[in-house]
Structure formats: structure tokens, C-alpha cells
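What follows is chain A paired twice: with chain B in the first complex and chain C in the second.
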Partner chain A sequence: MRRLAPLAIAAVCLFGPLAFIEARTWLTLTIAGLAMGMLVFLVAAGLTLIFGLMDVLNFAHGAVFSWGAYVGFSVVALVNRRWGWVDSPSLSQNALAVLLAIAAAMVVALGLGIALERVIVRPVYGRHMFQILITLGATIVLEELIRIGWGPNDQVMPVPLALQGSWDLADVIVLRVPVLAIGMGLLVYAGIQLVLARTRVGLIVRAGVENREMVQVMGHDIHRYFTGVFAAGSALAALGGLMWAVFRQSVSPAMGGEQLIFAFVVVIIGGLGSVTGSLLGALLVGLSYNYVAFLVPKAAIGVTMALMVVVLLARPAGLLGAGK
Partner chain B sequence: MSYLRLAALAAFALVPLLGASFQVIDLAMKIALFATLVASYDILIGYTGIVSFGHAMFFGVGAYAVALALTRFGAPTYGHLMAGVLAGMAAGAVLAVVIATFSLRVRAIFFAMITLAFAEFAVILAVQWSELTGGEDGLSPRLPGLLAVGGDGGRLLGVPISSRLVAYYVVLAACLACFLAMARFVHSPLGRTLQAIRDNALRAEALGVRTFACQVAATTFASVVATVVGAGYAVWVRYVNPESTLGVPIMLDVLLMVIIGGIGTLYGGLVGAAFLVTARQSLPYLSRVGAALFPGSALAQALTERWLLYFGVLFILVVFFFPRGVLGTLRQASARRGSS
Partner chain C sequence: MSEPLLEVEDVHTWIGQHHILQGVSLRTRPGAVTVLLGRNGAGKTTTLRTIVGLLHAARGAVRFEGRPIHRLPAYEVVRLGIGYVPEGQGIFATLSVDENLRVAMRREDAASRERLTAMRALFPDLARFAGRPAGTLSGGQKQMLAIARAFVNDNRLLLIDEPSKGLAPIVVEQLVVALRTVKRQTTVLLVEQNFAMAAALGDDFYLIDGGRTVHQGPMETLVRDQALKKRYLGV
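Take a look at the complex of A and B:
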């Protein structure tokens, strides 16, 4: 019964709005909501890995998100200037440009994650207050570096031709970017679950969540895994940032901070350290945000907060949290 | 130490009487206001061990309460001002109890995230609900009686009593009252209990302390003080908008100040506020100096314009190497000298 409760809530959130919204509009909103949820999930997944396994409150996650967006933005712009891959009608050139941008953003974020973990986070393991403070300092520095390197103003993200426009499915307009976002979110979710459930690394990481000391006693260098998880989480944040930039067709230095709040809310709703919970939470946030933004535009942000409050009151450990 | 405190108070009291320019008086007032705000934040972070990102929100609640009371109910009177302050305090207390009740119930470390989300929500509310709050443009309240622009209090002992002077001393008195209340609070049995919870929550609980209730009480007290400071800010600046009173930038400033001054010192806020407010006021000149020294260099200009970067680096270094801040490090040094 208790296990079914989250699913029941999800079903109510998904189909309840049908009572107020015309079916076709509902479908459009649902796709937009799923896309937004998947984008938030990309950020929240990294956060829940870092928070769930390592017990590190990483406020610099949003800054890494922005860095991913800006690195991807630079690569896309560069590739377009050199070879015109973004504006060309060729699908393969478009895809190559996007893949290059994703690769560059994730590699930079991996490096950033390793550096952050080694220099900033490692001295303050186990001390939450200092983690918050020091990662906040890192956020200030990283954001200001973006403003120095790329300028303080918003910039327009060039979006490949193949991603622009929409498909027309039985009179329902389906934009291409959201579909890509949903696909990517599912891919990342499957990837994380596969690594966590089926590989030796995943086994050790899961064991580390349960009992860190015991994993160390078994002879595994937990610090190396921590660095790896931190870097992987950062890479996910960068991927989320790039996708968000494509979705919104713009980049701004403060974009990470705004998404970080969503990601935190999602991690809290989903339950600490639960990737599936994060996915569920992210979809809930994305869907309810879009439905409410359509029905009562001004209450859109409020609904996210209300969702968090309700979930916390009903299940303090989050939807799928272990309740430690 | 107590001589230093008296000297600081005397300095604040004498600034406007020594013929200082308005800029200097404004600087002193803002230092006093932010020192009080930082001290109230210190009650949370230093004495209770809770990190909140929503503290600036309460500052904004106080400021908006006064501004709304003075603008939305006809000609401003002292009664409106008092009602605004009291309404702000009441709203702050209710909000603090509500937020604390369900976010401290979960896990203390969630507090930072949840308060951050609430603070963001408050900004959006203030911007969106523009019929009431004036949106991005904010409110510019007119003050009653002696505090009004051009209000004339005649002369006292040969000194002309301008409305600025009255406002300065009224707000300074409010800050002083807050400081006294906070000093009393941290040395009260409840304050001692909070420090015990901060140092070892399990042990405090085992000793029969109702940790949850104590923490809620502390958050509420600190939040109410923040609303009073916000009200003082509205009276002094006569202008309230979301960016300058509610936003995350204010919260960042407060965090920097409390870290630089010293966590758990209460009066460290004075050091942090003096440093940061002065630096903020004078740093724009730095970019002019930079432009003069390296004409035409875009990078040099960007590096001098982004002074927040240096605050960020300073912040990290202070957390790493002087986790006790200026005042905490000094106290530690003097304690060591005293014992040896």
C-alpha cells in the first residue's frame, strides 16, 4: 500500500488536470512538462549522487551547470563559425555539432568536478556547515569567472537546424527539443541505474552509501570513488546545463542558481540518494509547473514550493527516501 | 572587550555630530544596520548551528511591512510607522515558526535548501504581486512628522536637527536595542541550551532538552530581529525593492560578513559589516583606477569590475584558514595569551 502511494500521487498529478484542460493542450503541456522534468532530473541526478553517497551539500552544482552551458555554447558557436555545421541542413553535421558540444561540456565539468572535490570539498567532509559555506564561495568564484570570460549579459544559444521546428502528430504540435530532452533524460536514468545495479563500481558505491567505514575496511579506496562520483555528478550537471541552454535558446551566468533551487526541491521530494525518487520528483515538478503555468500563470513557482511542503509533511524522508 | 564595544557605540553616536558628509553618515548607518542583521544571523549559524539562506527574506519582510504601512493607508503618521514595525515582526514570527516547524522536522541540513527555496519564492512574490508591492520598482514610503523629508526639529544646543539626524538616531537606537536583546538572548538559559544542541544534539536530547522547540525558538527570535533591522533600513533609505531587501545578493553579503567577522561571536558582525560595506562603497572606484592604469585592456577592466570574485576567493580562504573569523581569531589569541 505504502509503495503504491507515490504512484497514485503521480497518476493524480498527471491526469487530474485533464478535468480543466482540453485534451490536445494537455498533451502539449504534458510533453513540455516531461521535458522540463527530465532537464531538472539531469541536474538533480548529479546532486542526489553527490548528496546521497558522499553526504556533501554541494551548492557549487549550479555553477557547474552554468559552466556546462557556456562551454557547450562556445563549442557550438565555434563549430558554426568554422564550418557552418549548426546552420547547415545536414542532419549528421547538426548531430556532430551537438555531440561535440556535449563532449566538451562534460569533459570540462569532469575536470571541474575533480578539482572541486580535491581542493574545496575534501578538507570539509562530514562538516555540513562548512560544506555549504565553501561550496557557496566556489559558486561565487565560478560564476564571476563566467562573467569575466564570456561577459555578464545573456547570450543567444545557436540551435542546430535539425532541432528547431516541430513534428505534427495528429494535429498535436510536438517540438523537437523537448523530445530530445525526454530521450536524453531516460538514457541518463537507464545509464545510472545500469551502472549502480550491474557493475562492480556501482556495487561499491551503493555499499558506500550504506556504510562507508565498512567499504574502507574491505580495502577499497573510498576517496577515489568519491572523486569519481563527484566528477560524474558534475558532468551530469553540465549536460543538464547544455540541454537547458538549447531548450531556452539562451545562456546567462546566473542560470545555474535558478536551476539549483529546482534541483534541491526535487532531491528533497524524491528522497535522499534515490535516483528513481529524483526522476519521479523531477517529473512531478515539471508537470505541475507546466499545468499550473497554463491555468494560473502567477502561481507557477508557488506550486513547486507547495509540492515540496506537502511531500515533506506527508513523508519527511521524501517519496522514496530511506528515512535515515 | 567591553571598552571596545562602548567605543564603537560612541563612534556611531558621534559620527553625525562631527560634521561628517552625508556619504560618511550613510556608511555608518548601513554598517550599524548590517552589523545588527549579521548578529541576528549569527544567532542561527553561530549559536544554534543552523545554516539558513532565508534570513534576508525576514529583513525584506520588515522593510516591506513598514513601506506598505506608510504608503497604502493614507497620510503617514507615527502610528502607521509603529503598526508597520509591529506587523512586520508578527509576520516574521509567524513565517519563521511555519518554516522552522516543517523544515527542522525533516533534517537540520535540509534547512539551508528549504529556506533558499522560500527566499526565492518571496522575491518572486514581491516582483509578481505588483499591485501591492510595486513590483521591481518597489516602494518609496513617505515618513511621518520629524522623519519626513525636510522635517525640521529646530536647533538643539546649536546643532540643527534635520530629519536625517532624527532618522539616524532612531534607527541607531533600534539597532542598539536589538543588540542588547541578542546579547541577553545568547547568555540566557535558552541561549546556553542552544549552544549545547549545536555542539552535541544527541547528548542534549539525552539530557532531556527539547531540541526541536529550542531551535524553533531561536529561528523565530533571530527572524524577528531581522524584521526590525529591515524596518530600520526602510526608514533610513526610504526606498524598498525586491533586489535591495529580499534578494539572494543580500543573503550572500550577510554570509560574507558573518564569516569574515567570526561565527559565534555576535559582535563579529560589526567587523564584517564595516569591512564589506566600506569595500562595496569604495570598490567601484577600483574599476576606475584599473581603467586608468591599463587603458584599453578589456581583461584588466573585466578583472577590476568583477570585484565579487575577490570576495568569493576571500570567503573560501577565510573559511579554510580562519574559520573563526577576525573577532574569533583575536579572541582565541587573547585567551591563549591569558592562559599561558
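Take a look at the complex of A and C:
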């Protein structure tokens, strides 16, 4: 029964709106909602492991998201200026531009994550107030660096030709970017699950999420694993940032801050430390946001918070939280 | 006395503002079971946590095979060959029984897998419930799992904190049998409130009171000394 509860909630949220929305519109909104959910999931997945494993509140995660978007933006703009890969009708050149941008964004974020963990987070283990203050401070610094490097204004993200436009499936308009986002989210989720379930590193990380001290007295240097998780989480945030920039076709220095709020809500809804919980939470948030934005536009942000309140009242540890 | 495997010398440990250990000294003879006794709050658990490196001594020294270890982080201390079974077992409830054993292996090599097979033979329930989440085991099975985890590595010293706590008397009897098997292979430092169990397993004893070691000797002398037992243990 307890296992079925999250699925039941998900089903109600997914199909409930059909009572008020015409089916084709519902399908369009659902795809947009799933895409938004998957992008938020990319940010939340790192956040939930960082919090679950080491009890660290990392507010700098949003700034890494923005950095990912900007690094990707620069790479895409560069290869387009040099070789015209973005505006080219060739699918392989389009794909290569996107892959290069993803690789660059993730590599930069890996480095950024390692530096943040070593320099800023390590001295404040176990002290939440300090973690909030210092990671918020890091956010300000990282955002200002973006303003210095790339300028303070929003910029248009060049989107490869192959990703522009939509498919028309039996009169349902399906945008290409959201489909890509959904696919990428599923791929990342499968990748994380595979690493956590099948590898020794994943086993030790799962054990650490449950009891960090015990993992140490089994001879594992938890800090080394944590640096790795922090860096990987940062890389995922950067991927989310880049995908978000493609989705919205723009980048802005403060873009990460808005997403961070969604991501924290999702982590809390899903249960701290649970990757599957984060995926469920992100999809719930993405779907309900899109349905409500269509039906009652002014209530769109509010519904996310309402969702969190309802979930926490029913399950204080979140949908799949260990409740530690 | 032969060269001690573990030597704790006048250790002082603080937890936050509290001066918990105020001079604990003890030595474990190789191959013997040394029992640490004392009332609740005397500092027994803090002593074990200081030895294993989860807490750090502000004063004094801890030596393992003659080597100072009190400045090492916990993961380096245990790699020297020390197993730690904490109070409440420290089982990973969401991991399966098998995964609990694999996390405990410092290296997943042939020797570790061989020891794992031996542990499964000693505790058949661990083999029977290998795929189950460890959180679903009974209290006694969890304690067996905790001990087995300490034995999948090549440990020369085992620190066990109150293994009988919360277990039914019949399960405690099984535990004594299991620990008797185990003590043939390694040196043990055991914290135990259950005096019957302590007496059944112990070779040497140390009494801790108010964060200090106050008495020591062979277990038989404590078993006979009613006054000492009454004064420090209320037995």
C-alpha cells in the first residue's frame, strides 16, 4: 500500500487534468511538463545526493547550472561562427555542436564542483547555517563572474536547425527540444541508477547516504567519494543549465537561481537522498506547473509549493525518503 | 605481560564542552578477550570511538602494535586491521544483507570472499537472507551480520560495543556461542553490560568509572569480588 501511494498520486496528477483540458492540448502540455520535469531532475539529482550523503546544503548548485548554460552557449556560438555547424542543415554537424557544448559544460562544471567542495564546503561540514551562507556567497561570486565574462544582459541561445521546430503527429504538435530533454533525463536517470546499483562506488555511496560514519569505520575515505559525488552532481547541473538554455533559447546570469528553488522543492518532495524520489518529484512539479499555468496562469508557481505542502503532510520524509 | 596488541595510555577525550574521558588506560593481550565494564555514561563507548578514530583524544596516546594511531582518521585506523561493531550494530537497513557484507570488505579479493564463505557457514541465516534488505532482519540476525561484517576483513583486533543490548536471552546465548568461535581467530575488546555474558567470554577486565579506568585484572578475580561488582556495576 505504502509503495503504491506515490504511483497513485502520480497517476491522479497526470490524468486528472484531462477532465478540464481537451485531449490534444493535454498531450502538448504533458510533453512540456515532462520536459521541464526532466530538466529540473538534472539539477535535483545532484542536489539530493549531495544532501543525502554529506548533509550539505549546496546553494551554489544554481550558479553551476548557469555556468553550464554559458559555457555551452559559448561553445555553440563559437562553432557556429567558425564552421556554421549550428545553422547548417546537416544533422551530424548539429549533433556535433550540441555534443561539444555538453562536453565542455560538464568538464568545466566538474572542475568547478571539485574546487567548490575542496575550498568552500569542506571547512563547514556539519554546520548548516555556514553552508547556506558560504554557498550563497559563492553563488554571488560565480554570477558576477558571468556578468564580467559574458555581460549582464540576457542573450539569445543559438539552437541547431535540427532541434528547431516540431513534429506534427496526428494533429498533435510535438516540439523537438522537449523530446530531447525527456530523452536526456531518462538517460541520466538510467545512468545514475546503473552506477548506484551495479558498481562498488555506487554501493559505498548508497551506504554513505544511510550512515556516513559506519562507512568510514569500514575503511572507506568518505570525503573522496563525496568530492566525486559533488563533482558529478555539478556536471549534471551544468547539463541541466545547457538544456534549459536550449529549451528557453536564452541565457541570463541569474537563470540558476530560479531553477534552484524548483530543485530544492523537488528534493524535499522526493525525499532527501533518493534519486528515484527526485525523478518522481520533478515530474510531478513539471506536470502540475504546466497544467495549472494553462488553466489558472496566476497560480502556476503556487501549485509547486502547494504540492510540497501536501506531500509533506502525507509523508514527512518525502515520497521515497529514508526518513533519517 | 606480553607485548600488548592495543595500548591506550592516559587518554582524555572531549565531546563538545564535555570532558568525557579523563584518563583511560588499558592494554589488550594478543588472543585474549578484554572486557570493558562500567555503569551507563562511564565512558565505555567513548573509549571505543576514540580508539577507532571517530573521536580524537585531546591528551594521551593510542597505540596499535606499537604504532601511534590517535591522530589518524577512522578509515585509516581500521585499515590497519581493526574491526568495529558499534552499539546498535550500524547495519545499512536499505542495503541487502549481501551488500552490507560487500561494503564492509576493504578489498573485494579472493581472500575476502573466502572469509565471507566462512562467515556464511558460521551464520547460515546470512546466506539464507542474502538478498533481503538488512532492515528486515531480527535483532539477533542483525548482530550476527554486524559481527560477520567485521570478519570479512583480515582484522587482528575487534572492538564490539554492547552486542547483547536489546536481544532476547535465548539470542544472547547463541551470540555467546558465536563469539566463542570468533575469539579463537582474533583479539577482542568487548564493552558489555550483561555481566553473565562478560564473565562467560572475558579473559581480562577493566572497570571504567567517571571517565577513568579504576580497576583491572583477570576476569576470575572480578567474578569472585562481590564488593567491587556491587560498587561499580550494581550487580
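Quick notes on this structure:
Keep this in mind: the second predicted complex is superposed on the first by the 324 of 324 C-alpha atoms of A that agree within 3 Å, B and C clash if a C-alpha of one lies under 4 Å from a C-alpha of the other, contacts with A are read in each partner's own complex, and residues count from 1 in each chain.
Convention: a contact is a pair of C-beta atoms (placed from the backbone, for glycine too) under 8 Å apart; a residue touches a chain by one contact, two chains touch by 3 or more.
Here the structure is a predicted model, which means the values were calculated and not measured.
In the superposition on chain A, contact of A:219 is made with chain C only, not with chain B. In the superposition on chain A, A:137 contacts chain B only, with no contact to chain C. In the superposition on chain A, A:110 makes contact with neither chain B nor chain C.
By the touch criterion defined above, A:206 lies against chain C but remains apart from chain B after alignment on the C-alpha atoms of chain A.
When the two complexes are overlaid on their common chain A, residue A:261 makes contact with chain B while staying clear of chain C. Look at A:96: by the touch rule set out above, it reaches neither chain B nor chain C.
Of the two partners, chain B and chain C, it is B that touches more residues of chain A. Only residues 45, 49, 51, 102-103, 105-107, 109-110, 112-114, 116-118, 120-121, 124-125, 128-129, 248, 252, 255, 259, 299, 302-303, 306, 308-309, 311-313, 315-316, 319-320, 323 of chain B touch chain A when the two sit together in their complex.
Of all the residues in chain A, the ones that touch chain B in their complex are 57, 120, 123, 128-130, 132-134, 136-141, 144-145, 147-148, 257, 261, 264-265, 267-268, 298, 301-302, 304-305, 308-309, 312-313, 316-317. On the chain C side of its complex with chain A, the touching residues are 52-54, 73-75, 78-79, 84, 86, 90, 92-95, 99, 102-104, 106, 108, 149, 153. Those residues of chain A lying in contact with chain C across their complex are 200, 203-204, 206-207, 210-211, 213-222, 322.
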